[in-house]
Each structure stands twice: as C-alpha cells, then as structure tokens.
Amino acid sequence: VNSRYSHAKPHSIPGTLQHIGARRLDVARMSVIEYDEQRCVVRDVTDPRLCRQPTAAKQVTWLNVDGTHDPQVMEVLGAQFNLHSLVLEDVMSAGERPKLEEHDNNIFLVLKMLDWDEQRGQIVVEQVSLVLGPDYVLTFQQCVGDVFDDVRERIRQSKGRIRKMGADYLAYALIDATVDHYFVVLEKVAEWADELDVEVERAPQRVRPQDMHVLKRELLFLRRAIAPARETLGTLAHIHDNELISNGVSVFLRDVHDHVVQVTETIELMRESLTSILDVYHAAAANRMNEVMKLLTVISTIFIPLTFVAGVYGMNFDNMPELHWQHGYFYALALMAGVGVATFGYVKWNRWL
Amino acid sequence: VNSRYSHAKPHSIPGTLQHIGARRLDVARMSVIEYDEQRCVVRDVTDPRLCRQPTAAKQVTWLNVDGTHDPQVMEVLGAQFNLHSLVLEDVMSAGERPKLEEHDNNIFLVLKMLDWDEQRGQIVVEQVSLVLGPDYVLTFQQCVGDVFDDVRERIRQSKGRIRKMGADYLAYALIDATVDHYFVVLEKVAEWADELDVEVERAPQRVRPQDMHVLKRELLFLRRAIAPARETLGTLAHIHDNELISNGVSVFLRDVHDHVVQVTETIELMRESLTSILDVYHAAAANRMNEVMKLLTVISTIFIPLTFVAGVYGMNFDNMPELHWQHGYFYALALMAGVGVATFGYVKWNRWL
Amino acid sequence: VNSRYSHAKPHSIPGTLQHIGARRLDVARMSVIEYDEQRCVVRDVTDPRLCRQPTAAKQVTWLNVDGTHDPQVMEVLGAQFNLHSLVLEDVMSAGERPKLEEHDNNIFLVLKMLDWDEQRGQIVVEQVSLVLGPDYVLTFQQCVGDVFDDVRERIRQSKGRIRKMGADYLAYALIDATVDHYFVVLEKVAEWADELDVEVERAPQRVRPQDMHVLKRELLFLRRAIAPARETLGTLAHIHDNELISNGVSVFLRDVHDHVVQVTETIELMRESLTSILDVYHAAAANRMNEVMKLLTVISTIFIPLTFVAGVYGMNFDNMPELHWQHGYFYALALMAGVGVATFGYVKWNRWL
Amino acid sequence: VNSRYSHAKPHSIPGTLQHIGARRLDVARMSVIEYDEQRCVVRDVTDPRLCRQPTAAKQVTWLNVDGTHDPQVMEVLGAQFNLHSLVLEDVMSAGERPKLEEHDNNIFLVLKMLDWDEQRGQIVVEQVSLVLGPDYVLTFQQCVGDVFDDVRERIRQSKGRIRKMGADYLAYALIDATVDHYFVVLEKVAEWADELDVEVERAPQRVRPQDMHVLKRELLFLRRAIAPARETLGTLAHIHDNELISNGVSVFLRDVHDHVVQVTETIELMRESLTSILDVYHAAAANRMNEVMKLLTVISTIFIPLTFVAGVYGMNFDNMPELHWQHGYFYALALMAGVGVATFGYVKWNRWL
Amino acid sequence: VNSRYSHAKPHSIPGTLQHIGARRLDVARMSVIEYDEQRCVVRDVTDPRLCRQPTAAKQVTWLNVDGTHDPQVMEVLGAQFNLHSLVLEDVMSAGERPKLEEHDNNIFLVLKMLDWDEQRGQIVVEQVSLVLGPDYVLTFQQCVGDVFDDVRERIRQSKGRIRKMGADYLAYALIDATVDHYFVVLEKVAEWADELDVEVERAPQRVRPQDMHVLKRELLFLRRAIAPARETLGTLAHIHDNELISNGVSVFLRDVHDHVVQVTETIELMRESLTSILDVYHAAAANRMNEVMKLLTVISTIFIPLTFVAGVYGMNFDNMPELHWQHGYFYALALMAGVGVATFGYVKWNRWL
C-alpha cells in the first residue's frame, strides 16, 4: 500500500488475527524489563509463553514487542495477559486511529510514533499500541527502533522517580517519550515552514507552488496522526474512577495532554501561515506579470505609431510633396521624436504605467 | 431521478406504503437463514408469510429481502415482525439519511452500502435497512448483490464465533461488512486522488480543472452517504440500557464506529488535499501564462525598435544624407545590432524577464 | 419592502397588534374543519367569534386563517383561544424566524412554506404559524393557497389514521405537508444546480458568473428559511413532558425532523458543489485566456523578426551590396523562411507553447 | 481614539472611576421618571443625590443619565443605588463588550445602541448600560439622543401595559427599543447590499472593489456590536431563579432574544452574499480582460502576416521577378486578402476566439 | 531557537529541572514584598532560602523572580513553597501554553506577557508564571522588566483597596496588569491595520502583499499567545469551590475574563478585515492590469491596420495604378484616417474598451 491516504484494510472475520500493513520485521522481538525499587532485570524473550513470570508483589513488568505480524505469537500473548480479541486485532493493524479503550482489566491505547526521514524529507509514521494492566505495561511496535531508549536508561540507572512508581507511571513515561518526539519532528517541519516564510518575503518568484503543496500535505498527514491523540490523551488524563491510574500519575498525564494540545495548535498555526504565504505568492506572481506587461506596453505604445509614420513616408506615390522638401527628412525625424515624447508623456501623466 | 442531489420524494400519506426510487428489481427475493450453535438452515422464500417460523429457543433468524418496492410484501412482513408503519415507509424509500431508531421491540438502522462502478468511474450508493429484534435480524436492500456473502459463509461454515452469539452479534457482523466495504471504495478514490497528486506535482498543465471538480463532487457525495453514519453508529455503540444489545457486542460496535470515524477523517483529508492541489494548479497555470507573456515581450521589445529603424531608412525623402554615405548601410546594421543588444541587456539587468 | 434581506420591522408597542409585511389579502378568510372518527364538518366562517363552538369530547377543531393583517379579527381569535399577545404579534409579522414556543395551554410554531415561482425562477417564501392546543389546531397564512389540500382531503375521506388520532397528529400532518413541499422546491433547485454542473463540465465558457451568484443567493435564502426549522422541529420531536404531544405522535415528529435534516444537508451539499463549480469556471476562463495569449504569441514571435528582415532590405541606402546580387531576393526569402522555422522550432522545443 | 478597532483602554487601578472614550457631553444630564398605574412624574435632576427619593410601594423609578464622564456624579449614583465599583467602571468605559452580570441586588447589562449616520454613510455605535433593581431601572448613555422616546411616550400616555407592570417590564421595553432600532440600521445596510447586488448583476465593471470592502468592514463592525448581545440576551431570557425578573416578563425577553438572533443571521447572510458578489466581480473582471485580449489577438493575428507580405514586396532587390509582372500588384493584393481570410477562418474554426 | 513557531523542547526526565528557552538573564533576581493593611516591606533577596519568612497572620507575601534558568534556585523555591515538580518544570520552560492547574495547596497559572518592539516592529512575548497560595503569590519571569510596576506602586502607596485584600486580590491585580497591557500591544497592531486599511482604499497599488502577510502572521502569533488565556481565565473566574479564591475576588476575575474575550474578538475582527483588504488588493491589481492591457490594445488596434496600408503602398511593383494618380497620396492618407477613426469607433461602440 503506497498511498499515503492508506488505512486499515477490511478484515475478513472480526476477532480473527491477521497482520495488516507492510511486514517490516521477519520475527517478532520481545524484550522484558522487570523492576521494583530495589531490582531491575532485563531479558530478551523468544518464546511468548515466557513473557509473564510469577513476580514478587509491587514489581512492574514491561514487555516490548517489535513486529506484530505473527498471529501465533500474538495469540499466546493475548492469552497470557487476558487481552480482548479486538485489542489483538487493532495491535496487528497498522492503520488504526489513535484511540483509548477501557477494558475490564486493562487500558488499551493506540498512538502514532513520528519520525523525520531526512533522506526523503518526509514524516514517517509508526503505530505504537500500549496496554496498561495492574502491574504490567505492554508496548507493540511494527519495527525495531523507537523513542523509548531514554525510558529504558532511566529504569536501568534508576534516574528520577520511575523505579519508585507503579505501572501507570511507566505508561506515562512511555507516552511522554512518544509525545516529546513529536516536538522533534515538528521542529523539522517548522524549519521548513520558516524557510518558505523567509523565501516568500525576500524572493517570492523562487518559491514553487508545488513546494507549498508538499508542505501543506505533510501538515495534513501530521494532523491526521496527532489530532485524535489530543482527544485520546485528554480522556486518559481525566479518568478518575479507574484504579489502574492513581491520582499522582493523573497530574503527569494532564501535562502530556497539554503538550499534545500545544503540538496541534502549532500545526494549525503553520497551516494558516501557509495559506497566507500562498496569498503572497499569488500576489507576487501577479505583480511580476504586471511588470512584464508594462514593459511590453511601453515599447509597443511608443514605437508602433513611429513605425507607422516611417511607413507613410516609405510609400511610393508619385506626388508626395513632403518628400521633395529640402529638410523634409529632418522634419519627419522631428515629428517622430515629438510623437514618441508625447505618447510617453501622455502615458506617464495618466499614471497608466 | 437522475440528479445526484436526489432524495426521498414526499409521500402522500404518512405511514402509507409506497416505493420511492428506481424500481430495480421485479419481484422481491427473500432468503432466510436460521441457525444456532448446532444447526444452520438456509432457504429461499417466495411467500412473505412463511418468513417467520416457530423456532427453538436461542435460534437466530436472518431474513434478507432484495427489492423493497412491493407494498403488499412489505405489509405482510411488517405484520409478521410487528414493525412500525414509519419503519416500513423508510425501508421502501431509497433516499433516507443513515439513521438509528429505537422502537419498543426492535432497533431500526439505515445505512448506505457503497460500491465502485469501474465503468463509469463513480461511486454507486445503495440503501440497506436493518431491523434488529430479540432473535432475528431483517435486512432490506434495493437490488440483488451485496457485501454480506462473507457473513453468510461464516454462518454456514461456523467460522469464528458467529454461531455462538445472538442476533445482536449478527447485526454487528452485517454492519461491519458494510463499513469494511467503505474502505474498498475509499481505496479506489484514494488511488484517484494520489494520481492527481502525482500529476499536479509533475505536470500541472496536464490536469484538467474538470477532473478536480468531478473528484471533489464524488467526495462530497461520499461524505453525504457516510458522515451521518458516524453519528448513528456512535449512538448505537453507546446504547447501554437496551436489552437487545449485550455488553459483549457493544465492544465490537465501538470498533465499527472507530472505522467509520477513520473513513470520514480520510474523506476530509482528501478534500483538504484537493483544495491544495487546486491552488497548485492555479499557480502553475499562472506561471505558464507568465512564461508565454515573457516570450512575447522579449521578441516584441527587441524587434519593434529595430523595425522602426529599418522603416526610417526605408523612407523616400529626396534629401536623406545617411543614404548616400559609403558605409551608411553597414552603420545602420551596426546601429540596429547595438539597439537590440542594449534593449536585451537593459531588460536582463532590470530582471524584468 | 422589496429587499430580499427584509425582516420583521420594529413594532412600536410590544403586544400591540399590527400587521407587518405586504397586505396580500383584503379580508381574512377563515375555514373550520371539525372532525372525530365518525363525523367531519367543514365550514367557512366570516365572524371570528363563531370559530370555536362547544364540541363533543375527543372532537378535533382545525381553524385555518388566510390573511393575518386585520388586528380586530386577530384580537377576537386571541381571546377565543386564549393566545398570548406576543403569539398574535408574531402571527401578524411576516418576517419571523422559524421558532417554537411552549405556552401554558398551547404550543406555538412558526415555519416557512416554500414554493417555486416558475415565471421569475425564484423561491417564494410564505410564513405559516401553527398553534396546537388540547383539542384544536390553528394555522395562519398570509395569503390564499397552501400545501394543506392533501391533509384536508385525507380528513374528509378518512384516509389513513388521521380521523382516529388527536390534534397533535393533525399538527404533525400539517408540518409534514409543509416539509414535504420543501423537497419539491429543492428538486427545482437541484435541477438548476445539475444543469450548471453539466454545463461547466461540457462548456465552461457558456456559464455566466452571474448565474452562479443567483443560484448561490437563492441557496442562501433557502437555508435562511429552513435551517432554523431544523433546530425547531428537533426540539418539538424531543418534547417529552408536555401532555399536548402524545408518545405515539413523537415518533412521527422525529420522522419529520429527519426530513428537515436531509433538506438542510442537501442545501449544504449544493453550496459546496457550487463553490467547486466556481473554481472550475475560473480555471477554465484562465485556460481560454492562455489559449488566446498563445495564439497571439505564436503569430508575433514568428512574424515580427521576419518583418524586420523585410524592413532591412526595404531601406534605400545607395550602397547595399545584397540588393544587386543575382539571387539576392531568393536568398532573402530563404533567410526569412529559415528564421521563421528556427523560431517556431525553438519555441516548440522549449515547450513554451 | 480614531481607530474603529478601538476598545477599552487599560485602567490604572481596578475599581477606580475614570472616563474612557471621547467626552461627548460637558455636564451629565439626569432625568427621572417615577410612575405607577395611577401617577407619573417626570423631572430633570442636576444634583445626583436627589435621584432617589423615598417612594410609595410598587412605584417604578427610571433614571436616565446622558454623559458618563464625571467620576463624582458616578460615585454619588453608585452610593445611592449600591452599585459595585466594577459596574461603575464599565459604565464609564465606552468600549465595553455587550455583557450581563448578575449582582446581589441588581442585574447589570451593557448593550450597543446603533444609529446610521446618513452623511458619512456609516454606522454610529453608542454604548448603553442598564441596571435593573427591584423597583428601579438606571440607563447610562454617552451623549444626548436615544431610541427611548417611544418608551417615554408610552409611560406618559399610559399606552399598552407598561404602567401596570414592574421595573423588569420597563427594562424589557428599553432593551426592546434598542434592539428594534437595530432593524432600522440593518435596513440601511440591506439597501446598500441590495444596490451592490443589483449593480453586480447588471454592470459588474462599475462596482469598485473598495466599495465591497467598505461594506464588508461595516458588516464586521456591526457583527462585533451585536453578536455578543445574542448570547447576553439569551442568558437574560433564560434566567429563572432571579426574583428581579418575573415569569411574565421572561416571555417578552425571549421575544427580544429571537429578534437579536434574526439580526445576527441576516448579517451572516449578507456577509456570505457579499463573498459571492466578490466572486462575480472577479469573474466579470477576468471576462472583460478576456474580451480585450481577444480583440488585440484578432487584429494582430490578421494584420501581422499581411504587413510582412507587404514588407517583402517593398524590398529593393534588383532582381525581383514578381515586381515586373503585369498584374503582380493585384496578385499580391489577392494573396494578402487570401492570407487574411484564411487566418481568420482558421482561428474561428479552432474556436480560439 | 529562532523560529517563531518554537515551543517547549522535550525534557529528558519528567520532573527534572532544566531550563528551556534563551537564557536571558545571568543570575535570578528575587524581590519580596510583604504587606498587610498597616505595613509594607520591600526587599531584594539573593539566597532563595530567605524568601519565605515566618509572617504575622493575614500578611501577604509577593515573591517575584526574574530569570528562571537556575535549577538550584528553583529547587529551593519549590521546597519552600511546596510546589509540584511539574510546576517547576513548566516555570522553567519558556514555550508553555497559557494554562491553569489547581493543586492541593495552590493554583498555578501560566500567561503570556506581551510587549511591542518598536525597532523591529513586532510583538515580543514573554512567559509569566503565577502561583497563588493561601497567603502568598509567586511570579516568575524570564527577564527583567515587566508590567507590574503599577501594582508595586499601588501596594507601596496603599492606593485603592489592594492593601486591605488578600493574596487572591493581588493575583487578580497582577493578571489584570498583564491583560491590560495586551490592549497597549493591540493598539499598536490596530494602528498598523488601520494604516493598511486607509492605504488600500486610497492607493491599493502602494500596498505590498508581503506587508499584509507580515501583519497576518503577527496576528496569528498574537492569537496563539492570547487565545488559550481566554479559556484559562474563564475557568479561573468560575472556580467556586476553591477556598484560595474568595467570592469578592471572583467578580474581579470575571471582569478580566471579559477583557481577554474582547481582545480575542478584536484579533478575529482584524483577521477578517485583513482578508477583505487582500481581496481589494487583488481586485485593484487586476484592474491596473486591465488598464495597461487596454492601452496596449487601443494603440495596437488602431495602428497595426494603418501600418499595413502604408506597407502596401510602399511595395515596388511596376504596375501600381494608384501610385500615379494625381492625388493618390492624399487619398491614401484619407483612407488611413478613415480606417483609424472607423476602428476606434467600432471598438468604442462595442464597449470593448
């Protein structure tokens, strides 16, 4: 599916596991981090049945899965963590819209992870699904490489408060890392918009309308990826009656929500600014056209009558008295000079040019 | 009714049965599927009085009617399933807006079934009405051929959970099949929009404004068919106090609602992208115009003064000293060359062209 | 008041009866229909005091008044049916916005009755006010001729359920007749829009911008007349705690509301489509301009240099060697042909034209 | 402050009395009307301490103040009627937005009084502040001359019900008089818009774009003055739990609210119509441009090649056989006629013009 | 970060203190004002541990911090006033969106302080964070220089009621000073918009499209800084159940909210007016283009045919009878005059020009 308008394809049987989207990874890679305030164990897992181990009380388990295309792996994970079949289906589908679902024993969240592809100069969107349970967090990504390294480091080195808090704080930290990366991508797009902005003020003729279209389209795709997350995280930040999220963490989630709101507002700002840039572009193009037309008109208006006069005295009639005057030629030159100056003056005086 | 703005015609007496819309089928075709976890019976019915048979407990009856133009058939069905006269009226009217009505003993839902007509290159809209009762689902379509074959197959072959669930899950499966087909149609329109997108970036002059208008109109019609379904299915997914829909099925209905939301957002995205494409088109057209005008201006600006000089020395005055100079002709040629180069240089230097 | 932006003029004293709007009828015509399941009496009344007669239980009285300009008649009617002075004032004012008011003993509704004036090719708007009491319905119109004939016929001939139902069903039937007529007017406008649509695809140059403006303005007026009715009828359809409207009739009112929603959505659809048509028109006009400019440029670019060459050899210098060559003329012709072909080829090669 | 974007200037100390806006009146003029069903006393007051006199029960006092620039007068009035310091501050500031405030012992309302300045052809806005207490109404205006004369007359002559009702009805009557005058101003603007509408249909070239801008700006200012009043009066009309407003008067306030809604909708209608007029204007300007270009192209396309032919036979080569043919001249004329007709025919055949 | 789209950069660890934004000040400057009705002490502090001193009952402490880049200072202050780590983080980040957070023991508010940079002719935005506790107010600014001098003066000189009120009134006074300064900035922008308005009416050709773009962009940035404050202050003004804000102060906060609403509406008004100005600009540019084209067309249409006639009689055929007529030359001149007048008349008659 190459179209950037692409989306979840229809599944044949609801609740049947089926990978949708490009198969970016051959084998699913699973890595588990188990930690509490004292200990922290990191291990890679190949057999999904080993993901969940009987753990001590208050220990938090974070399972990250890269590659969601293998139905068998997903089914085992679903059984282990007691996931609804629709959750598994959404995890495997790449084109889901950011959304939040409260299930009996967990909270399911779909977000978009954004990155900037320097080479192609466009935004890369990857889906990240997150399941928050009482003492575990599951994250599912389509391919290797994410924005969670910083969180992993903080857990390992016990930076900040993360090791003292529960699974809900871990979920917050992961959402926060995802949203913070939006700013990095936004910064790239802002540079692009700033360049256009400067260019259109300095030399509008160098801006290609196609460039503006490409930026506008990129902003549209950016908004499609982020805008639903605004509503989703707003809902998440204001859940009060779910024991999976403690009050202390709600404050942090509201902070993330503020950041998403900021991102969406900046996107809107850029879109409106781009519309204004387009207006300038059109106006400048019309002005250049005017300049060209004026030049043509000045030249034509002055010389066409003079050429006519020269043509008259180039006629071959036998009886043309002026031709035989002593200074006829010079009178004619003077006449032409006079007509030229008069025409030019008349045009100037009327401010037509 | 050829107009694509067409709609339900006024009925003379409310509650009087009257077919509205093109009569696409001569005789109504009724087919009944009765199933429970163990058994599944499929039969075609010609006499509407035989549609409902005394059934064992927990058995689900699905009656599909192709062709809704015969008032007598509809009246018998209405009596058998205890339908409100307005429900029958809406079923028979082809131009209804997607809507949801909760009646005492059933839930009535109107949706649009979309298909892509490859030959005419446009979207075909058909209305599908669905009545969900305690142990039955009725579906009414205007003509033969639908997107339900997959559901029929799943019932017959007992794929997935469908045979274990009640009538509400069957209704969900049918709605889901309808909405999934929206993605197929959307994919076609997305291809179309992508082609325009690529074309306008590569060679804007080849794009015809009419093409953009046709796509835009198609998107408008698509939105009209789908947008109200967003609200309708949202309401359906959040019904909590109606015993016709069990909690287990509500989760699935919310999933369908998410898909419809995704479809409507993609339509909006395409519309905005199309607006941007139109801007590029206009800018490119203005640019081409500029190019043409510049060529005309260059040629005119250089040659009009030269032609004037030639005209002067083509005059027939007796006394024109230059004409008798030994190298007058060559001086004139040099003068003309000089004027031409000077004009061209002046224009270039001023960056008028 | 000729302006189509016209509206209710300020009244000097609130609650003082005063006719506003063109006085279209000399004398108010009142007709009364009294009916129950068995009987139906139709009578014309000239004395407003005779409108309400002591009636048997369960009998419904429908009083229709054509012409609302006579304050004395209105005052008597107001006293007979116990109407609020503001209701009478609104009935007499022609420019009221569709609205709904619940009073102690009745429900007051203002709607617009639309018709299509074939001759002038524009929509005619007439105000219809409706008062629903426990056992009566009053309708007030500005001039003779309405869309209620069908309802009258159904009462007289006892078609459908109307004779078995109360005053609330009669009110519904009248509102339904009014709204159904919107579709007739909309059909006319849709034909108009379709014609423009076809025309702009086939031959955009034949479309006049004024035509598009007239249609757009007509749509704006249509929306002004209908859009508030959407909200008004929505409120009416969801009144639950008023004993004047029974539950059985609420279902029908919701149906009417659906129809009004459909009408307003179609109007919006047409407006957006019209915007798109305008874009095509502008693009097509720009294209034609481009064609004309290209023709001018081709001719000028080829012939202006050739004319210059001819001018050179038309000069009268004594010493012009080429003139005396044996085949000078033919060389010149060849030169000119060469320049012409070269210019044309250069332009073509650069794809400037 | 000449800018029409002007607004309340920052006050240095909140609650400190300070006049903001042009000082239109030298001395504040106070006039008091005291009335009940039997009596009515009108008196002009110069000492603000005499405004409130001990009155009989059920008597209503209306104090109107023209000129709000004198802090001392305002302070005395504030003490007499027990007004909040922010109320006094708002009364003295000319650029307040229409708003409603419920205080402990009174309701404070700010509205805009509009008038049409025939000479300058623009809308004049004056602020009117209204305080409704249990048995009094205070109105504050910036300069002499208002739309309340009709209300004064009705009180004096005991027209309608005004003398029988309380202070809340008086407040309604004053608001109603203000809003009714909006229609007068709107009528002027509607005439203006109608003229533009007719002009653009008949002779678009006579319409100046500046005229449309001026009207649009006037509509924007009109909307700014009125739109907040829509919300304000809506709130006022739906106050249920404030004993200052009786139920009987609420019905009247809802009527005023309906009128304001009508005004704002008409303003929106005009704005959209104006946008459409602008489209027509642009299209018509482009059409005229096209016509001019076509003329230029026809003349150039036909005559430029002919002039070239004439130039060829004006060359002075010794050996030009055609020149010595008996009928060479006539052949040349025929050739030129043929070329001209062929060019014209070719252009016509291609429908380029 | 030079981009005006800039925003809060992602923080590595939530709750970790880190300054974001340009470091405008080397050392944080802290000044404390402690006052009650009788006393008022002003002191500058360098050690953050000395900011809060045990105070008498009912005394209000206002701590203003200029420069928020030093994590150590911020940490000490956070500990002293018991601030949430996210509050400290937001205070140190320069790109926060205006927002309101209710914490257990304080209310945290972020606003934008605006100023007008005369030299660069653009708006300068600085973030001001405010923490309201039971008996203290903290304000944090990025650099020295603010709009609070007036409030300081009022406290010192005990002007108005400020010394008699609590910390909530002080918070109000500071918010009010911030919002009042919006009007000063708005006045500057309004002047700018007025100039453009006048210029475009008088001489549209002098307006540069870039100027309009710059103003539009400035309005967009203004709106981004202020619009969220509208919602924020609205929430603040309607907090009822928080004992930090007394009822008496709520009235004042509603007044500030009204002012912010006024500012945002004026910004919207300017944006719409600017759109209209742009329309006039485009229309005027098209008109000038038309004028230039008409001049070119008049000259060309008249002289091109005449030049052709002169060319014909400049041909050198042996047998051209007209050349030998006695008055041939004068007949030719008359013919040319006739053709010129006829062409001009034809064009005028057709109103092509």
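Letters A, B, C, D and E mark the chains as written, and numbering starts fresh at 1 in each.
Note that a residue touches a chain if its C-beta (ideal position, glycine included) is under 8 Å from a C-beta of that chain, and two chains touch if they have at least 3 such contacts.
Nothing here was measured: the structure is a model prediction, and the numbers come from that model.
*Asks:* Over half of interface residue numbers shared between subunit A and subunit B means same, under half means different, so which is it?
*Replies:* different
*Asks:* So subunit A and subunit D are the same sequence; what rotation in degrees superposes their CA atoms, nearest 5?
*Replies:* 145
*Asks:* Using mean C-alpha positions as chain centres, tell me how far subunit B is from subunit E in Å, no decimals.
*Replies:* 41
*Asks:* Measure off the straight-line distance from the CA centroid of subunit B to the CA centroid of subunit C, and report it in whole Å.
*Replies:* About 25 Å, centre to centre.
*Asks:* Can you list every residue of subunit B that touches 2 or more other chains, as numbers and ranges?
*Replies:* 282, 286, 289, 293, 296, 300, 304, 307, 311, 314-316, 320
*Asks:* Would you identify the shape of the chain contact graph, picking one of line, ring, star, complete or other?
*Replies:* Graph shape, chains as nodes and touching pairs as edges: a ring.
*Asks:* In the complex formed with subunit E, which residues of subunit A make contact?
*Replies:* It is residues 150, 154, 159-161, 172-173, 176, 180-181, 183-184, 186-187, 190-191, 193-194, 197, 200-201, 204, 251-252, 254-255, 258-259, 261-263, 265-266, 269-270, 272-273, 276-277, 279-280, 282-284, 286-287, 289-290, 293-294, 296-297, 300-301, 304-305, 307-308, 311-312, 314-320, 347, 352-353 of subunit A that touch subunit E.
*Asks:* Could you pull out which subunit A residues touch subunit B in their complex?
*Replies:* 2-16, 84, 86, 89-90, 95-97, 99, 101, 209-210, 212-214, 216-217, 220-221, 224, 228, 278, 281-282, 285-286, 288-289, 291-293, 295-296, 299-300, 303-304, 306-307, 310-311, 313-316, 320, 322-329, 332-333, 336
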